[in-house]
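Chains: A, B, C, D, E and F, in written order; residue numbering restarts at 1 for each.
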Amino acid sequence: MSNAALVSKMVAYEDADDRVRAVYDDIMETKGIDWIPNFWQVLATHPPMLEDVWASIKSAMAPGRIDPLMKEMIALAVSATNGCEYCLESHTAAARKLGMDDDLQGELMAVIGAFNRTNALAAGYRVPPDEKLKAAARRAPKPA
Amino acid sequence: MSNAALVSKMVAYEDADDRVRAVYDDIMETKGIDWIPNFWQVLATHPPMLEDVWASIKSAMAPGRIDPLMKEMIALAVSATNGCEYCLESHTAAARKLGMDDDLQGELMAVIGAFNRTNALAAGYRVPPDEKLKAAARRAPKPA
Amino acid sequence: MSNAALVSKMVAYEDADDRVRAVYDDIMETKGIDWIPNFWQVLATHPPMLEDVWASIKSAMAPGRIDPLMKEMIALAVSATNGCEYCLESHTAAARKLGMDDDLQGELMAVIGAFNRTNALAAGYRVPPDEKLKAAARRAPKPA
Amino acid sequence: MSNAALVSKMVAYEDADDRVRAVYDDIMETKGIDWIPNFWQVLATHPPMLEDVWASIKSAMAPGRIDPLMKEMIALAVSATNGCEYCLESHTAAARKLGMDDDLQGELMAVIGAFNRTNALAAGYRVPPDEKLKAAARRAPKPA
Amino acid sequence: MSNAALVSKMVAYEDADDRVRAVYDDIMETKGIDWIPNFWQVLATHPPMLEDVWASIKSAMAPGRIDPLMKEMIALAVSATNGCEYCLESHTAAARKLGMDDDLQGELMAVIGAFNRTNALAAGYRVPPDEKLKAAARRAPKPA
Amino acid sequence: MSNAALVSKMVAYEDADDRVRAVYDDIMETKGIDWIPNFWQVLATHPPMLEDVWASIKSAMAPGRIDPLMKEMIALAVSATNGCEYCLESHTAAARKLGMDDDLQGELMAVIGAFNRTNALAAGYRVPPDEKLKAAARRAPKPA
């Protein structure tokens, strides 16, 4: 088998059509980078998915009440729990760029580790939810 | 089978020995509550674990650079990813108490949902980590 | 605490604003139903997420080369692997409506069960991917 | 430590006894290949498991109402959700051999990604299953 | 919709055909019980899967070098990690019957909890496997 | 970028302060090794977490009613279910040192594989827990 027989699984910027380039340009502008990470080059093999996933990430990560670094740290919590290597590299890089040093990463990982343990214990013991907690989870927060 | 034949799987405050009561008292004081959630009453069936898990939660949740509400929201990210019902009731209740309204919860869930999707896609496509991201993930953040 | 103190965590059709109603109407028309499932009523507490998630589901489930029943069965495979109860009720209902009888469900579950086993074994034994399989996974399929 | 001190963790065809060879021969004949993937060579270190796992895979993948390509795509849905790298290489290779091109893989991944997101959201919000969906999930499909 | 319109999703012993009854009889004899748990009654809606899953469980749980109680405790470790409620009820019941008291359950849960935490941390930090550990993992144990 | 710009993500013994060295010394003495695995060197970037995680592992793995080899095998069950590569290398190495040969590993993996399958099936079919099992799971074991 020659390499020429291989399906290209990624779409480089120079090989992209206009539809894909529009997304690539928006990714680079939004993230402030001048290259396209592998993840997006792979999704570009199916343009409707590229557009849809980028739209949802852009929307979820847009400025709001949770600050950008914290959003990357939440992404790290999800990715550590799922064990997704690519995602962990990507979100660790992004969080570092936004200021996460070793100490802050440690504080985050301590929380992630602690709750992965309690999750397994609550499930393992089949602990019934407290009625008080269920009520509190459905109650409006106190006005600030 | 009579109920008397059932092993008590939870340890009520009034039935707890001094070792367990010391932890219970610390839980109530630290959390500012006057009752013991089922989770801790179940762990008390094995006192060394009760002490050890409480110590690690207390340490992970102690004041630091991530604020208490954000720590509860990270706990929600872990618990939603694992699908732990008890944990979700418990951490939603705690986050509400600290001020999470429907809108903030929505912003959090949008992030959690978006990254559970990208995690499955990065894994499903076996996307190779970018060398640039790997370097950035190991680089110190810029001094503030 | 009175019930009035509870935050409504779902948005009923009659309480929805125009933005949410537009999504609700599209959900009902697309799915051919005349009511709004709880999942969407909950997402409506954060309208940008409601719009975004619905757009991606509508796009992913749109007519294509995988038929609608098979898409619901793939959703069942994802949901059984994650252990998501709501999702399993919802996708089982949808698959039944599209014709999945007990026998077809059994054939599906046999596949889902078998591969959850082999996944745990391949991970547990840390089996190295075969070079032949890696090459084949990157090769174009034979033209039909 | 010399390599000779290493336990062989795989059983090559030429080193296999009759019991293992019988399974190997059946694997090669059933799959139409002339070599034994690492996964099976590892399982052969415990012959009763090799026999049992192969029997269940052979049974689950046997011709039925779900076509062979779709069964491999369901295996991909399970493996992407679990994040099993070996399995993803193996099932992607098998699906490609059966005709899955980039476009079809994209349509599959769009479904897998979308439902991993909704799974996290349904869990994260603790959405109660709709009674209508529960009834429909237990109802026979309409006769064709 | 009348209940009569509901598909029976379980196969009671008295409604089972000879093929299913043969498995049911073997389950009851092997487990020393005189009734059929819901899990098996559900699988019986697809007899080839019932036969195949029972065969693999019977084979995996057969007397060997790991004692029966320990096998149930390993099943609890898997089920707590996956968060499978039915499985946790079932394996806790089986382990109790074989002698697991609260104290032993606590010792088990402490191990399960501790390693779910370290799993999340090893993934979250993307810790590279030590060469010494990789060599040791492939080395034969010392003869007893 | 020069390597000097990289944040050291591991703390070597010779670079450790007294607080970290105290834990390192205890790890080496407790485990009977003369080097520090990468996992602990990474955790040492956040000393409070290093202390807390080591304390909980030391406590969970301390001599009790479950023997040390079996505790490592339970750790393997957790790690195979989560798909944690580092953990699998580490616990396989530890179990081998304690006597796990290929045959015993096979018996363990057969159990792990079988129950990951039944977990997916119980979830996938939404099997309701049997009242008899729930009662038995809450009943004291017979006195020995």
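Odds and ends about this structure:
Please note the rule applied: a residue touches a chain if its C-beta (ideal position, glycine included) is under 8 Å from a C-beta of that chain, and two chains touch if they have at least 3 such contacts.
Quantities reported herein were computed from a predicted structural model and do not represent experimental measurements.
The chains in contact with chain C as well as with chain F are A, B, D, E.
Listed by label, the chains that touch chain B and also chain D are A, C, E, F.
With centres taken as mean Cα positions, chain E sits 26 Å from chain B. Chain A and chain B have centres, each the mean of its CA atoms, that are 19 Å apart.
Shown for chain B are the residues in touch with two or more other chains, namely 7, 9, 43, 48-49, 52-53, 56, 59-60, 78-79, 81-85, 88-89, 92, 101, 103, 107, 109-110, 112-114, 116-121, 123, 125-126, 137, 139-140.
If each chain is drawn as a node and touching chains are joined, the picture has every node linked to every other. Within the complex, the chain C residues that touch chain A are 1, 5-7, 9, 48-49, 52-53, 55-56, 59-60, 135, 138-140.
For chain A in complex with chain E, the touching residues are 76, 79-81, 83, 85, 88-89, 92, 109, 112-114, 116-121, 123-126.
In the complex of the two chains, the chain D residues touching chain A come out as 83, 101-103, 105-107, 109-110, 113, 117, 120, 126. Those residues of chain A lying in contact with chain D across their complex are 7, 9, 43, 45-46, 48-49, 52-53, 56, 78, 82-84, 137. Only residues 9, 35, 37-39, 42-43, 53, 56-57, 59-61, 64-66, 70-71, 73-75, 77-79, 81-82, 84-93, 96-101, 103-104, 107-108, 110-119, 121-123, 125, 127-130, 132-134, 136-137, 139-142, 144 of chain E touch chain F when the two sit together in their complex.
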